[in-house]
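Look for chain A in each of the two complexes below; its partner is chain B in the first and chain C in the second.
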Partner chain A sequence: MTSDAGHLTGRTADTSPGPQPDSSSDLRPDAPPGSRSDAPPGPKPEPTPGPAPEPAPEPPSGTGSRTTKATRKRHRPTRHWYAYLFIAPSLFGVFAFLLLPLLIVFVLSLFHWELLSTPTFAGLANYRRLAGDGGTWHSVWVTVLFVLLSVPLQTVLGLLLALLLNQRVKGVAFYRALFVVPWMATPIVMGVVWTWIFDPRDGALNRVLDVVGVAGPNWLTDPAWALPSVALVNVWQFSGYTMLFFLAGLQGVPQELYDAAATDGASPVQRFFQITLPLLNPTTFFVTVTNLVGAFQIFDTVYAMTDGGPGNGTEVLNFRIYETAFRQFDFGYAATLAALLFLLILAVTLAQVRFFSKRTTYDLS
Partner chain B sequence: MTSPRNRSFAALLGAALLLPLTACGSGDSGGDGTLTYRLWDDQQKAGYQKVMAAFEKANPGVRVKIELLPYDQYWTKMTADAVAGTAPDVFWMQTTQFPEFVTKGVLADLSPLGLDAAKYHPNVVQSYTYKGKLYGVPKDFGIVGLLYNKDLFKKAGVPDPDKLTWTPDGSGSLLETARKLTVDDKGKHPDEPGFDPAKVKQYGFASWNHYQTQWMNWVNSNGGKLVDQPFGKYAFNDDASVQALQFGVDLVNKHHVAPPAAQTNPPSDKINEMFKRGQVAMFPANNALLPFVTPGASFKIGIAPMPTGPAGRSVNINGLSEAVYAKSPRKEAALKLARYLSGPEAQKIMADDGHVFPALNGLSQGYVDFWKRKGLDVSPFLEESRGTTFNLPVTTGFTAFENKLNQTFNDMYLGKLTPKQAADRAVADGNALAK
Partner chain C sequence: MAKRTALYLTLIIGAFVSVFPYLLVALTALKTPRQLNSTQPWEPGLPPTLGNLGKVLDSGFTGYLGNSLLMTAALTAGQLVFTTFAAYAFARLRFRGRDVLFWLYVATMMVPSAVTMIPLFLIMRELHLVNTWWGLLAPYLLGTPYGIFLMRQFFRALPAGLEDAARIDGAGPLTILLRIVLPLSRPALGTLAIITVIASWNNFMWPLIITSGDDTKVVTVGIAGLKGAIGVDPNQMTAAALIALVPMVAVFVAFQRYIVRSVVLTGLK
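Let's turn to the complex of A and B:
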């Protein structure tokens, strides 16, 4: 299980819903605005009437009129060289475990390299092979379908759960924890448990459907149902995780806005759509980006539940990479497929950045 | 742009990332005198702790570190280690992986040990012979036999399935016995009017898509052929093979004496659970499964030889070997350990503790005695091993082929492909991947 190593580490690293050590500062959705370093240390982030307490405009770095905190922050270290010292350990990690392997993959993708044979330079041969490789494009399609089936649902569910558990009810901490459990469990183990639930004859799901008079399908062996079934497990697994971030985001929305809206006679529905949702945009941005990236890389659930089947019905791109590298020992071509996955994710993420950058306010005061 | 999650990229780079990670992970730990020995079976680990203790005592100055890796990760890690040049000194090898590793030069030629091949089970020796040389110490063999639920047989008043026969057309005592043990919720058997195949409470037989314990055995005992020769081409789409495949599928979809493929198709291991829960009366399985099946079973387990087909009985035997890493920096000590593992002292410990049938002749009784003390008569396995047996196909590219083969045959067991279509496709796929 190579590819989930990073997957797991990443997800484990952000157990706390609060500020994330590795969620780069320009994407922090959940930090109360005033608590950042650009606010004077003294005053608390209590409502500041009037215009936002932005520091005097600095020369923007190429982004035109929009001066985001991110760009400012990127400049700050140049004035404080020792800041580099603080981020050096992280920087080393980024280089050793992120940039370097990335580079290696792109280099590898230019070689023919089978297990233990000497790599030979192949130029773009692997990419030409990719262009005509119908199986891989099928995998891309399956991956996209999987993303579409899981990400919207788990984002909406995460938000609904957060709204529900953002209230002061008894035992709320327990419920919050409960919904996060699926995300903490080992995906492989959960995959196995879900195959039991999906068993067409004596699985829990079809038993329940049977009671209400519905004949459940063969979830994992019917080509029409296998991918939705795997996606469902993903939704189940990551809705609670998504909820964590929305909860943090909700707590950053100033109560005064709601009070003011209520005074103006806004209904709860209006308050949700006019206040909550827009102000949650930084969170929504962060959550959709990470959920999409995670979904594009789905592997373990597929591995445990279907092995890519029936036929190649659930053969997502990451599974194909695994097959190519560790079952066919074709490392050069596997690297090419990994490069393809990287570029896909990059393209989708950039599109999201563009979409959200026009719609997101980080400063809630 | 900075990604919000490093994991995304880290995971994406699985293959490349693994190399540096594994490079610092294993292999050269513990200094010169310590050998690394890698296996995947946590039950057998206990046996090997004894074996290694005895070896260390006989060879002062050499220490052995046992490294246990779960089977799911074993070959991935093994591959990465071989690439990185940090493979363990001595490690378990199995037949389906052997061609890949031996042709790539990972395994040391063991002729310096001067082992007498005649002293070991011939199938195991054959499995690890490449170009006339032995590349693994024959360690043990696992053989497929018919496990059955004695309680269910007793309750149904059916004699124990000691001498079952089968033919492709369905005559023979296997199907007859399986029918008697298949019951729907109204107590009807498959050959009775009113039997509802959708509401079966108990199945007579486990027929499912599992090459090692199922269809390869039917193919061989019907006179079919898996491969034309070792390191050759797949050939199981001939008439005899296709008939045999049809038989396996018919048990499920036509005769309804086995659970539907929608439940049993891999990667599900449902069938195992069903046998343990008493929902399946007969279950062909490898003897290596005994330590995993027996503790959970609430009934008496019986063991019988596999059913005899038109071409006699031919059962799969799957031997493991102890491989020595060709580039081990401690090769001399590694060969010393390999020699020790090939001998009666080591193999007897593993047999007497009920872990395996040793590959070395004359020690199997210890294994039989161990299980007798546990109330299980495993002698039918031994009897089978002296009859006609066959190896898993020895070809390169099997690892690449395995999942494709399983997916194609999953469709066959579901009835979406005829056995002829499935076999043709699988043979073509397999031969395209064999190098």
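Let's turn to the complex of A and C:
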């Protein structure tokens, strides 16, 4: 594997001829607009990590400069050979534990393999099986439903909480901290705790409903309620963390814009939709992409709360992959399902990139 | 005025919803089974008992707790060391293929961990590392692309003048990194450490897949097993949950400003 990584490093190196102006900053569709210009209006107190000034270790070689260092650098930019030593362990990790597995998933999806047997090449048989596998398409549907039940809600809630906290509120830090507490909760543990909260007889939720005279449903065993209940736990866990990003985004919106809009007679609602929301686009993009990617992979909560049930009512795709591989030991087909999940997430992410790149084309300067 | 009241009321309700599962865990874990039956879930059981905690700890959780601590410490140390070196190289050094490789890193941030679980298991099986510490740690020990992305953002924002001055004075790359850059990077390193601690402690799927014996079993897997073994026993389940949650709550209380900073570090502000 080491030689493999080294080989690829050498290859990629050839495709990059000479020092380029740092193009990597172009990779981030979330870069704040206008931040690449060197002279932002007004003082910038803190070196916030945005696209920073060119990271080149050598000073820009001014034409008049005649120091030995500058002349030497101008002719042949220094290459830091030891950089390869610096990145070697991490590069090995990326190749061995991320890229190689990704490759294996697609190769394995072309094989029949039940772990104890020897793998046999199967061509596209697994994919043909997938096409007619109603159970898996049901899982895809359940996953999409779960995403739709959780991500929009936690995004909107996160934005609302951020808007509330972005006013002059006493104890901002206190509320902010409490809202983020669910994010660091161990999902499998909180799944167990919520299972108990949702318990139809002794659970806190139905006890509270009892007090106000409502008979609560069997949350986790009723097919109509099981998936929304699991989704609700996800909303509980990630709304506060989403809020954190929106809050940071809101603090980057210049107050003058609001003042100007207010002078022009714009209502608060207009100000929100014409100023706040468009300027938050990079944040919204980042937040929805990460929330979606996370929600598509939901596993722990389902494992703890419903084990895919009732029936297969909450059998999300990632859970089905796990079952296929580690309960039925059908590794070839499980790899096919993993490939499907990968392509699903990739498609949704690319759709997001397209959607947001069209809408983030303003310039403030 | 009414508007202010509504604002604070909403905030208080939000804060309560955020923490009430934790409160419920603490309340229930300290009740005897009899108190559990005679009180509402939101009422405390008096006098509180430590019996559930003792029972859970004796049933193997002391060992799981130790394993979780060890795993978290090892992964955090690995992340800090390897990520720092790689991120510094990407931020400040010039080498062939830098931009392409960094692009590759950013792309791998998008590879869902769910997709790589099966091949990772098979790789570990091929290397005879299933149910071993190395198998448990290997995939995350060398740092994560996300961590590198975060640290690179931070390093790039540091003024380069100090490093240039040190270089002119003849300092080598290691000296510059360890003596000049790292002391300036404490906030970012703190953030990276906290994020890694939480992610490692909470990790469930990989330990579930790769470990089976008690020697390598971590708290998350232990709790999932407990549920299968004793069914719904709220006293013991919440006691186990309390044991698993308390360390992260402590970390959070001590270092929450670093978590807030992680958001700023991504460059979204």
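Just so it is clear, the second predicted complex is superposed on the first by the 261 of 365 C-alpha atoms of A that agree within 3 Å, B and C clash if a C-alpha of one lies under 4 Å from a C-alpha of the other, contacts with A are read in each partner's own complex, and residues count from 1 in each chain.
By definition in this document, a contact is a pair of C-beta atoms (placed from the backbone, for glycine too) under 8 Å apart; a residue touches a chain by one contact, two chains touch by 3 or more.
All of these numbers come straight from a predicted model, not from anything done at the bench.
**Student:** With both complexes superposed on chain A, which partner does A:283 reach: first (chain B), second (chain C), both or neither?
**Tutor:** A:283 contacts chain C only, not chain B.
**Student:** What is the contact status of A:349 with respect to chain B (first) and chain C (second): first, second, both, or neither?
**Tutor:** both
**Student:** Examine A:235 and indicate which partner it touches, taking first as chain B and second as chain C; both and neither are also allowed.
**Tutor:** neither
**Student:** Between chain B and chain C, point out the one touching more chain A residues.
**Tutor:** Higher number of touched chain A residues: C.
**Student:** Output check: A:164 vs chain B and chain C. Expected answer is one of first, second, both, neither. What do you get?
**Tutor:** second
**Student:** Should A:149 be classified as contacting the first partner (chain B), the second (chain C), both, or neither?
**Tutor:** So A:149 meets neither chain B nor chain C here.
**Student:** Based on the superposed arrangement, let me know which partner A:297 touches: chain B (first), chain C (second), both, or neither?
**Tutor:** Both partners.
**Student:** Check whether A:329 is in contact with chain B, with chain C, with both or with neither, and answer first, second, both or neither.
**Tutor:** first
**Student:** Could you say whether A:338 touches chain B, chain C, both of them, or neither, answering first, second, both or neither?
**Tutor:** both
**Student:** Under the contact definition given at the top, report the residues of chain A touching chain B in one complex and chain C in the other.
**Tutor:** 9, 13, 22-24, 27, 93-94, 96-98, 101-102, 104-105, 108, 188, 195, 199, 286, 293, 297, 299, 303-304, 318, 321-322, 325-326, 331, 334-335, 338, 341-342, 345, 349.
**Student:** What residues on chain C touch chain A, complex-wise?
**Tutor:** Per the stated touch rule, the residues are 7-8, 10-11, 14-15, 17-19, 21-22, 24-25, 28, 36, 40-42, 82-83, 85-86, 88-106, 108, 110-123, 138-143, 145, 148, 153-160, 163-164, 167-168, 173, 198, 201-202, 204-205, 209, 219-220, 223-224, 227, 232, 234, 237-238, 240-241, 244-245, 248-249, 251-252, 256, 259-260, 263-269.
**Student:** Going by the contact rule at the top, pick out the chain A residues touching chain B in the complex.
**Tutor:** Listed in rising order, the residues are 1-11, 13, 22-24, 26-27, 93-94, 96-98, 101-102, 104-105, 108, 115-117, 188, 195, 199-201, 218, 220-222, 286, 289-290, 293-294, 297, 299, 303-312, 318, 321-323, 325-329, 331, 334-335, 338, 341-342, 345, 349-350, 353.
**Student:** Where on chain B does chain A make contact in their complex?
**Tutor:** 1-18, 20-21, 72-73, 75-76, 79-80, 82-83, 100, 104-106, 259-263, 265-268, 270, 397, 399-400, 402-403, 406-407, 410-411, 414, 433
**Student:** Contact residues on chain A for chain C in the complex?
**Tutor:** 9, 12-13, 15-16, 19-20, 22-24, 27-28, 30-32, 47-52, 55-57, 59, 69, 77-84, 86-87, 89-94, 96-102, 104-105, 108, 161, 164-165, 167, 169, 174-182, 184-190, 192-197, 199, 202-204, 207-208, 236, 240, 244-245, 247-249, 251-252, 282-283, 286, 293, 296-297, 299-300, 303-304, 318, 321-322, 325-326, 331, 334-335, 338-339, 341-342, 345-346, 349
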